[in-house]
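Scrolling down, you'll hit the structures one after another.
In the two assemblies presented below, chain A is common to both, partnered first by chain B and then by chain C.
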Partner chain A sequence: MTIHRTIKALTVATLLGMAGQTASAQEAIRIGACLDLSKAYTFVSPQVAQAAQDLAKYVNQSGGIGGHPVEIIVRDHGNEPQRGVECYEQLKREGVFIFNFLSTPVTNAVLPRAMKDGNIVMQSFVGRGDAVDGEVFKWIFPVGPTYWQQAANDVAFIKGRLGGKLTGAKIGFIYLDYPFGQEPIEVLKTLSKAEGFDLKLYPVPLPGSDQASAWTQMRRDKPDYVISWILAGGHVVAFKEMKRNGFPIDKYLSVNWLNEVDIRNIGDEAAKGILRGTNVAGGQEVPLVKTLLENLYSKGQGSGPETSVRDVYYNTGLAIYAPAFEAARIAIKKYGWPLNAEKMKDGYESIKNFDGSGVMSPITVTAKDHGGGGKTRVEQWDGKSWVPLSDWSADYTDVVWKLIKENSSKFKVE
Partner chain B sequence: MFYRLSGVHHASYMSDSRLYKIPADRNLALFFLALGLAAPFLFGSLYLNSYVLPWLVWTAAALGLNMVTGWAGQLHLGYAAVMAVGAYSAVHAAKFGVPWEFALLIGGISASVIGSLFAFAALRVKGLYLALTTLAMQFVMDWVLTHSPTISGGSHASLQAPTFALLGQKITSDTGLYYVAFGWCLLVTIFMLNLRRTGLGRALVAVREKDYAAAVLGVNSFYYKFVAFATSSFIGGVSGAILVATFFFLAAPEQFSVAVSIQALAMIIVGGLGSIIGTYFGVALILLMPSIVNGIVAGGASTLGLKLNVESLAHIPNAVYGALIIIILMIEPLGLGKLYGNIRDYLILWPFDQLKK
Partner chain C sequence: MELAFLAELTANGALTGLLYSLFAIGLVLIYKASSVPNLAQGALTMVGAYLVLALARDAGLPLWAAIPLAAVAMFGLGMGIERVALRRLAGRPIVMILMMTLGIDIFLRGTTLAIWGGTSRSFDLGVSSDPLFLGDILISRINLVGAAAAVLLFVVFVMFFRTRLGTRLRAIADDYMASWSVGISVERGVGLSWGLASIVAVAAGIIWGEIQGVDQSLSLLLLKGLTVAVLGGLDSIFGAMLAGLILGIVENVGSTYLDPLVGGGSRDLIVAAVLILTVMVRPHGLFGRHDIERV
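Coming up: the complex of A and B.
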């Protein structure tokens, strides 16, 4: 009997919950955030979700976008393509047409459906690199630099450091040996031919906890710089190996996935000098973060713990969602309510010189370039905070775009 | 005697080898067949294409795994790799211009060939050693997929499947795709149902129970293990191809990772080794329960006004889901299929005792 009653209560609860959700959201701008909150990407998803919710809360407090509140629907997909598709199909039917998955496998799995249905996918910082080609991937918006562009920018930075030429230089590339890590190899190989530097590849098995052989090899090769496409805990292992093999830490240039937690695990002092190519301005001095801290967290209205705000992935979350909000604002201003995917797409493609109150480099999204320019900069950890070493820039764009076009031409919607 | 004896009595071999021993079972099967045929008109498109369709395709795949693990008793930890072989070769064949009917066949055969190649090596050892060898196959496949752009499709290792077509007709509607999945699942189910009453099926069971005892009876255990591996690989390969063609629309290595292999094994263990109806239940539990539990927890929290943060909301369903599996296996270690069987037997004894006539 009791089990029976519990089941009944649960069913009623679910139905009520569903009814409540649909009733309150008639006039809202709804963004479906199907994230991996329980498996592989837990080191970043919670901060991103929190940033998105904070941003929505703040915007709603100040009257919403064109008078319409923003609602972020957060769901977990556990990094499983199957569940991501489910989440997409379900939210799609509830009227959501803007999605964010923040996981490469899931984004890839949903991509054919979104392209067919004509729904917006915010694909910043993950997924296939050629999706910035707006002429092919009409509905995909990877606003921000792709891995290809990031790698190219890293090479340009190293070139600057080595006195403006790379001939005879040796650049190491240590990466997790699966699609995420392998992504920049093609760009690096092309550049190594064009610039005449020696590219050394050091694959590391997942999840990056065993890097011993890669670094002993590096000890022999003595690369001038090493670019690292490793995630989370892998950086800590890399640091230990650098110590062991006498590799200078200020020659270690990480991908943007290196945050305050990793630095703390390495040790604030010990990590002094480590380099990071970044897509977003880190820290709490960023005007947008400051605003949120003052307006939400000082009043205890934040969507999560304040410690998460002191994490670069929080800023990353803002950088993913701020352009979407801006696109919605432009779209509503231009075409009025109700918003739809078509208008939203146009809104995105009308974004000009938008920096999300300082959280990233100014981006200009066009119908051709959905990435917005792909600018990054390199920062160095000084023991307390990140010091920018270079200005926002995007280099070798011709090389990267050639590669983008080559790859995107193979994609077709059927 | 005044009372009828309970139990089912057979007076001839024909009666003993019938597919359905009592009419009620047959009627139930017919009912579900009709339900399956009518599903597109009964369920909304959301349920049809994101719950029922993957459920049927995975059931077909899991039945294949059940054949090698449940019937022949060989632990297989690399089933997703076999599915990947089928999926990738079918998609490549279809891209090359081969009609999908043959592409599926090519997928199945190549999966069967590669599966059997491994079986040759793997079947020299038994039990846990065999399990590890099949696991090795999974890792080899993972490595091949992530390291050969020609197979995996280049940019971020995703290979687009051409639009699915049968007999020259492109199939794009939810209903059409559903019928493809339903048809395949039906085919595999009929095969598996009949397997039980053939010599092959009995030989497989003999091998499972004790392979040298089977050898004493004149059953060549290596041969039958090998047949089981080849057949199940064929089913897995075609299922993998259909999964990509009707559900994902592109193939990526993550869809066939080691975690998926473990999941497939979990499906048949929770469902019941060697049970067909159990496989249906097991797949439903493993595949669909996470999102259903998610929905219930999220709905419940919002109704009760609980302000849970997004992380707890994601982890509580996982805990519930895990607990559910443990509870089910504690109540009935032989799985959901046995649980169903117990209930069925009970009900047939009373109050439906007239049904077995």
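Coming up: the complex of A and C.
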């Protein structure tokens, strides 16, 4: 059931009258959104926070979840792990048991505490790749593809483009030389051995402005495709270097963190051909986005500027929070109020074929797989919009899950 | 490694290094006059770039008008910072002054974030990204323009320090007590150096903004700029120019060799190693005054 239909059903249920629930109906489902609103991830966090608040506002206007309003508590952790932990501890004392940090270092810092406390961490699109192993990371929900799965899907796409064979091919990997950028290296190395392609690594120091020597080497190496794990302005620098070094832009396959602002900074026309692996459906034609535009923004009730809704990171925010809302709905329906972490966990693990009203590929979360399938697709910028070049798919899942199990078993020992 | 490739790495490293020098000149100007390493120079560079963008893109002024206007505004900002925040710390321990510049850095970053947000904005100086080959060597046009700007600023400051006003600044740098006693306004001199450093910040902000876009990460230039300034000698503009060249080449060539061996990350290591070795072996840098020494 999509969130839109869920909301309609909930509204009807509320209107029919849920006698005896008046007191509990005033209690809110509280989600702690401890985000980086001031440092490294300011290019994405505001859109995600806005999407979460819009979704909550719309659901609340429609009667809430099981009659309970949703409250998104937004705090800034500045991408500093100790501040993230502080935010977690503070909100935990206030009774919050569902958290989102949208930062790999902060999530990694909070993860052991949340595991010990038995609190839910929404870890979509960031953090350690093995956290999808629900048998080990019982309280962590990286719903959507991890960086490992996304990189594997990118390789499968390239294989398709090169005629179904990677033997003798050369794939470059340009990445920010810190944990975010280094995440996919293990998967890529494993696939390089399995598929027989030559993997070339091009590390770039933070913040990604100094790529000259990487592209000089690339001009010599002449990779068939380049997978890029770079953020924000780094894509603009990469574009200039590609132009300077004569590297075709349609062989540059970016991580999902490439948005409309980056395209604008490169230039709509100039960016024509650039590829992006994505985990959400972009644009305003997505039914859930359309619903929010019609019900909130057309009435001047949006939680932020309407321009942010035209950003793929807004859709990313919806894709992070819609599964949490769905999990809460299932949990309340199944066990009734009050909602707690245990019920919420079960709600998550009962999500089946849920696409957040078109905002992502359908996911099915289980007790074993907290990722929900890990499907992505590749899109190409045509000068005006993103055109999908492939269907939603998850490839090399055996390879990825082998790595997941290897790594998650070490976590148990630690 | 073939010779042409090595030559290209060296040439591009040298050009990038001169861009570091462009930034470091601002640090040197303030250090020369007040013996304060300005930890807010990165944030000033970012503010300079944002101001030019605001005047050019938001207010619709042509670049040729926006840049000098921003330079005038930044000159005022630099003078203002010295007058309001630093002058009252005269005679206080150096660590207090350092903390003040750190505070200014945080304040400026926070203010720009509140006004312009965290999203990267592109900056177009009109420099083409098309390939430019000198023989077999591919050169980055914007780096070439930035390096030329650094050399031009260097020449301007060499000439400026030969003028009457420049001589006063040199006198302050040499011995501020003696300058005071002969009637030179040390406060005004230090204020002027902050103003000039802020103008340099505009130049560095424009060039680096064109290269990487304008956002908070521009303030991160401080680490490399500081390394260049320390290697050059903190109070020597010529030293900053030469140190920029050295650091740029060592970093670019060195990391190309080292990265495949150590699995990446050598670029920052090289910068850190240069900084540590300079402080250990030659604390006054290549051309700094010998009184900058270890205790």
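Throughout what follows, the second predicted complex is superposed on the first by the 386 of 414 C-alpha atoms of A that agree within 3 Å, B and C clash if a C-alpha of one lies under 4 Å from a C-alpha of the other, contacts with A are read in each partner's own complex, and residues count from 1 in each chain.
We take it that a residue touches a chain if its C-beta (ideal position, glycine included) is under 8 Å from a C-beta of that chain, and two chains touch if they have at least 3 such contacts.
All values derive from a computational prediction rather than experimental measurement.
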In the overlaid three-chain picture, which partner chain does A:63 touch, first (chain B) or second (chain C), both, or neither? neither
Once chain A of both complexes is superposed, is A:38 in touch with chain B (first), chain C (second), both, or neither? both
Output check: A:243 vs chain B and chain C. Expected answer is one of first, second, both, neither. What do you get? second
After superposition on the shared chain, which partner residues are touched by A:177: those of chain B (first), chain C (second), both, or neither? both
Which superposed partner A:168 touches (first chain B, second chain C, both, neither): neither
Scan A:383 for contacts with chain B and chain C and give back first, second, both or neither. neither
Of the two partners chain B and chain C, which one touches more residues belonging to chain A? B
Contact-wise, after the overlay, does A:219 reach chain B, chain C, both or neither (first, second, both, neither)? second
Quick one: classify A:46 as touching chain B (first), chain C (second), both or neither. both
Which chain A residues come up in both lists, the one for chain B and the one for chain C? 38, 42, 46, 177, 182
Give the list of chain B residues in touch with chain A in this complex. 44-46, 49-51, 54, 146, 154-158, 160, 162-163, 247-250, 252-255, 287, 290-291, 294-296, 298-304, 309-311, 313-315, 317-318
Of chain C, residues touching chain A in the complex: 5, 8-9, 12-13, 16, 110, 113, 117-122, 129-132, 138, 140-143, 208, 211-213, 215-217, 220, 252, 255-256, 259-260, 263-265, 267-268
So, in the complex, the side of chain A touching chain B is made of residues 10, 13-18, 20-21, 35, 37-38, 42, 46, 49-50, 53, 74-76, 78-79, 81-83, 85-87, 89-90, 93, 104-105, 108-109, 111-113, 127-130, 177-179, 182-183, 303-304, 407, 410-412, 414
Touching residues (chain side chain A, partner chain C) in the complex: 38-39, 41-43, 45-46, 177, 182, 201, 203, 205-210, 212-213, 216-217, 219-220, 232-234, 236-237, 239-240, 243-246, 261-262, 264-266
